[in-house]
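Chain naming follows the written order as A, B, C and D, and within any one chain the residues start at number 1.
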Amino acid sequence: MSIFADLLSNVFDRRYRFGLAREDDRPLSELTADLVSTAGDVTGQAVARQILDRYAGWNDDEKRAFFHHLASEMDLDPEAVRSALDAYEVAPGKASYRSFMAAVEPPRQELIRRLNQVPGATRLLVMMRSDLLRLGRDDDALMALDIDFRHLFASWFNRGFLVLRPISWESPAHILEKIIAYEAVHAIDSWDDLRRRLQPADRRCFAFFHPAVSDEPLIFVEVALTQGVPGSIQALLAEGRDPLPPEQANTAVFYSISNCQSGLAGISFGNSLIKQVASDLSTELPGLKTFVTLSPIPGFARWLADQHLPQETEDGTALRQLAAYYLTRAKRGNGKPLDPVASFHLGNGALVHAVHADADVSPKGRAQSHGVMVNYLYDLSRISQNHEKFASDATIATSNELRSLAQVGETILKEAAQ
Amino acid sequence: MSIFADLLSNVFDRRYRFGLAREDDRPLSELTADLVSTAGDVTGQAVARQILDRYAGWNDDEKRAFFHHLASEMDLDPEAVRSALDAYEVAPGKASYRSFMAAVEPPRQELIRRLNQVPGATRLLVMMRSDLLRLGRDDDALMALDIDFRHLFASWFNRGFLVLRPISWESPAHILEKIIAYEAVHAIDSWDDLRRRLQPADRRCFAFFHPAVSDEPLIFVEVALTQGVPGSIQALLAEGRDPLPPEQANTAVFYSISNCQSGLAGISFGNSLIKQVASDLSTELPGLKTFVTLSPIPGFARWLADQHLPQETEDGTALRQLAAYYLTRAKRGNGKPLDPVASFHLGNGALVHAVHADADVSPKGRAQSHGVMVNYLYDLSRISQNHEKFASDATIATSNELRSLAQVGETILKEAAQ
Amino acid sequence: MSIFADLLSNVFDRRYRFGLAREDDRPLSELTADLVSTAGDVTGQAVARQILDRYAGWNDDEKRAFFHHLASEMDLDPEAVRSALDAYEVAPGKASYRSFMAAVEPPRQELIRRLNQVPGATRLLVMMRSDLLRLGRDDDALMALDIDFRHLFASWFNRGFLVLRPISWESPAHILEKIIAYEAVHAIDSWDDLRRRLQPADRRCFAFFHPAVSDEPLIFVEVALTQGVPGSIQALLAEGRDPLPPEQANTAVFYSISNCQSGLAGISFGNSLIKQVASDLSTELPGLKTFVTLSPIPGFARWLADQHLPQETEDGTALRQLAAYYLTRAKRGNGKPLDPVASFHLGNGALVHAVHADADVSPKGRAQSHGVMVNYLYDLSRISQNHEKFASDATIATSNELRSLAQVGETILKEAAQ
Amino acid sequence: MSIFADLLSNVFDRRYRFGLAREDDRPLSELTADLVSTAGDVTGQAVARQILDRYAGWNDDEKRAFFHHLASEMDLDPEAVRSALDAYEVAPGKASYRSFMAAVEPPRQELIRRLNQVPGATRLLVMMRSDLLRLGRDDDALMALDIDFRHLFASWFNRGFLVLRPISWESPAHILEKIIAYEAVHAIDSWDDLRRRLQPADRRCFAFFHPAVSDEPLIFVEVALTQGVPGSIQALLAEGRDPLPPEQANTAVFYSISNCQSGLAGISFGNSLIKQVASDLSTELPGLKTFVTLSPIPGFARWLADQHLPQETEDGTALRQLAAYYLTRAKRGNGKPLDPVASFHLGNGALVHAVHADADVSPKGRAQSHGVMVNYLYDLSRISQNHEKFASDATIATSNELRSLAQVGETILKEAAQ
């Protein structure tokens, strides 16, 4: 812990040594203690700013030392919890409950809340958690600390505080460059490529934003308005296509959903986003009847390699059958689908609608799923029921066609296994 | 508990009986259980909206029954806390900490968070807490429930999420009518009166807003730009005065601070507001050197009546001396000042600067403090130190003049007591 | 002309005498000459600002002198026009046409355009024309000057540059106070009265604005959404009515149209406003089928008094018959209706739909029309045809019922005349 | 004129033949006559839209026919002008002046004004004039028609109606792509290049917009904030430079000014733009003391080639001397500088400050001026005087250094001529 000792006894940068904020060259441990004390109410912003400024200048070792400080020095006190709990059980009521609630919250939670008082701090705290997840991956104490971050972020980034904003070719460039950077499914390789996804009348994009981090999308979805359910991403993104007049579209295709902030891992926005966008689009365009994805199958090729099938099973028809099997019958230990994208959409109440060969012929598409893609269908009248069955006993909703394909896929696998 | 039983077995209004939301005529207890279950992730918005809609139609008895349901049925489970705590002590780490954190949070907190997923819900939840504070005042179980609301609101209404907005004669009328309604110090009796406080170049008003409750000010402060520290609210608010060109002002007077939301009681914004406004104003108008209040002394007349002083002590001079004494030497059991407004400003790090007789000759001013008012001075270079001394041993910072006055006041009181 | 001589030799205020703008204490005639010279391109803003500043400080005599300066010294030169015309006739083409166009425009037009270069000047120029119309009413030379103002304003305030903005209870107070001030038909007597016209869901208000005068409405219309065509302004504006859900309305009633700027007299906005609002409302609320006014009949009582009818013709039925006659058969020398409001709506292509007794029982309503009001109907399919007939031979479109009433009215008048 | 005959007798597209607008398949000449008639007040928008729609579908021959129709059929009537002028001379006054003003304006001006009533029409009319300038270049009748367009546009695009807006990396992409497209001085070759000109703290860009054409910049200027006057565009636009903190800058460099709309040719915005930007920047950054351009010398190389100088005069020193000569002593017949960029800045009141060799080593820079560039200095205290002298007798203001260089340049030229 020598680095942190160093931090504690030393750290003050030039700005503060000669500047107005001279009093702040106190050791970090004093600052953090100060910030969570009653004084934090009054002088909190200055202290919080000081801590955030220091953080911004630290390397990974210094950051790790800071996190360990929070994890160990600002942890909860089990004895205090126990006696508060005893007192509450003896005489439950306002006073004992307040004491109990105070005891069970480690001081670091209040510290994080008070750091957030500084204008612009929310974004820095999201980046701080991103650092924590990266640096603490194999450190159980830091992963426990992450639970506090996540608990607070779940409250701060509550759906009720998020704002859905359309992203268009009229959006500010500094937002658009983030769309380019964060697109995680089908890379956007230039501003012209971006324009093809935003400007045509049959293309839409929507993102959730948080008011305190207004320049950073949290998650976004790209949508194509089509006639019928599409079976190929190449066709959807082709240059030079003729856009469809939106009022002629009957289908909205969610063809790319990207989370933007690694510091918000585990705070789920995707389900809300899809439903909000589906709802808004069906209000604007009453002709839209079908809401469907065109999704990658990221684990298919890897899984298929493990099945040691003969070469001839890699034609289009067999690939679709095997993909149907993989999506609906290949399970984890907990009974959930092997495929993470399938888990996400099925958990949202979607059903597996159709699979397509040669649907993503990019190198990435070939590598991860031999070019096969899948449509998940969001049927508003069945979402609730689908979700419930999936949540209770992992039942996977599918179309009839998909079920037949999966059945053939199962036969192939059995024969190969003999 | 028959009312709640009734609620549970019955409540569903016509909209839902015949509408799209037919499944939602379930008893309330099922809805609340549903909302905090995993299903709440997916179908939460519909259920949350249903609960909020029902709430909106309830009378006080029904609301009280709802609160009791939360307080008793969605409380924490001490046994679960104890065993989670034991497990954490044996093997602290991510898994045991997550279990512990889950155990110590009563399900009603998650319920409130999920109610908040509905667009516009934040405002309704603030009103819900306002109901709770009103209905549960003498009910310890409901006051314990309030601690959960307050805990969540302190996180949601974190300073970092608040937006400071100027209120001017160019602000929307539906905001301005709230300023009229919420003004708690010097009543605004007409739109013309309001205009006199907003439109002249030497008048300002600022409010904190929360992005999710954008039409409701949380707290606002009215400011007069003056030359020198004013000693009378009548002069400050006089009709037909000549406005001072702002760049000639050397003093900013905070002459009225009003909290707007009873449902946010105990979540403190005033300190932040004053400092933010002082900081913004001094940037805009570098000529401003003094930041001061012109404040009422709400408890002075009542306290004075208890001192049984002879009539002749009610002339202006003696009133100022006695008010100086009252503000700085009349204490509660905990050593803090008797006067609540004094407590607020001193707790913020201000000092008691001057007292003025005939400073508020309105009936209210006469009744509460025989017309005496006080200036609290916010001296940026001393705020931190003032606050610290006040917090640690209740030392009250004053000007020299004020101290002399209080000394004479003390003499008067001693003589009267003999 | 001594006042103007004084202006010329003297005028410079303290600001300019000692300030940066020292060179500007030149006589006004030099400034105006300077502004229309080539130098005006480069140093125009400073000179224009100087002239506008001086104007702002002038009394009516000084303003009149200024207008006379423009009228006489910056008039066109007939000789120059004649020779440019001759040259153009001999050799029409770019060069001769440019010379001709330059010759026919008096320098004061260019002066007004260059005054307009100063930010905020457009509003000042509108006020300047308002002064001109007031001061020059009986002065033919100044009325000729007004033609230049009007010519320029017709170009600047072209419909294509106007912006239609809804006025609501969420509009800025400084706009709303202008609505109160400018309402010319049914006076708004308080902010509560205003709120009753803006806030209910079945009330709308729209105004045209010009981007360069963004805080000043040019004209506004108040609209009530109703079921059926209303026959009384009292009922329409009653306190405590239950608002109609807008989607249940089948009729939009334009019950008040007010021009706001006397300086824009003769630049007609009303026709465009009504049609734009009708078009926007029918898009928003497809249930609206009827667009109708509820209008005063300002000249009816005065005209009726001149008919010397017996007292018994002043009951409701007879009043309606006589009003129907007045509106459709009482004509000016040019064949157009006597009533100015009728002329406006009929010129727009509306038809006279119905008349109502006891429809405006306010003192003003009683005084101007014995309480009778009229609906003009805007039937989109017939507007063009109605207008054309009205424009060509003053044919007035009416409903059948109205025609019958007018017929009876004519009989009454004839009988009385015998 | 057979094409126009065809237009007149035929033109109506399918939309109108079967649509709501059936009456509009009238010949164009009827539509234009209708639009300028009194009916245009009422039914103008529909007719105007019809004409603009037809125009949008025309090829160049059809457009040319349309322009000829305006030029010949909607021209002024010299006889009417002459009699109106006579009447005015006999009895000047409101009535005769109004008649005169009506007579001197050709109907096509009113036509253009009424076309502008349609929302969005202003932009189309600017494009229409762009067509006119292109198609009518060698046709004197069409160039005369252009004088009417220009006259109206000068009024509509009056400085007082323009809005200065900063262009930044946070501007909408559909605006930024126009900046890329319209940059006329130093081409922007990618979005990354654009970002380098907008995002660093020491770079600014400003554009004038018209409220009725809000998505189209009219003119924009790119600015670099520097320490000292720069002598090379390469250094200014270098990738990977360290941005200067703006408050350390003492110089604002206007290094690129681009007009965007060929349809606004001859309506000058550049002078206003430079002065407005200089004024705004000096308010924001009081450290800025010098406002200077870094400008190309587009005609230098061509002129130099005509001087038939020996090869050795093309080293850097001699090039600067010859460029100084060229800029300040090479004149047109009218005494103005040969170089068009010099004419523009000198006409604005700037002075020729310095010339630099190897200042633009791009192929374009080499080709047009052997890499030499020039700084024009905008010295606010001398602009007015510089302009006046330049306007009256073409006197060119220069720095002393520049004058010396030009003197040597003259010597070189004389020696070469011997």
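Observations
Here is the rule we use: contacts are C-beta pairs under 8 Å (C-beta built on N, C-alpha and C of every residue); 3 or more make two chains touch, one makes a residue touch a chain.
Every value quoted in this text rests on a predicted model; they were computed, and no experiment measured them.
If you take subunit C and subunit D together, no chain is in touch with both. As a whole-number value, the distance joining the C-alpha centres of subunit B and subunit C reads 50 Å.
Spacing of subunit A relative to subunit C, judged by their CA centroids, is 58 angstrom. Annotation for subunit B: no residues touch 2 or more other chains. Looking at which chains touch one another, you get A-B, A-D, B-C, C-D. Subunit D contributes residues 169-174, 176, 191, 195, 199 to its touches with subunit A in the complex.
Residues 38-39, 41-43, 45, 78, 81-82, 85, 88-89, 92-94, 97-98, 100-101, 104, 113, 116-119, 121-122, 140-141, 143-144, 146-148, 151-152, 154-156, 158-161, 163, 211-212, 268, 271-272, 275, 347-349, 383-384, 387-388, 391 of subunit A are the ones that touch subunit B when the two sit in their complex.
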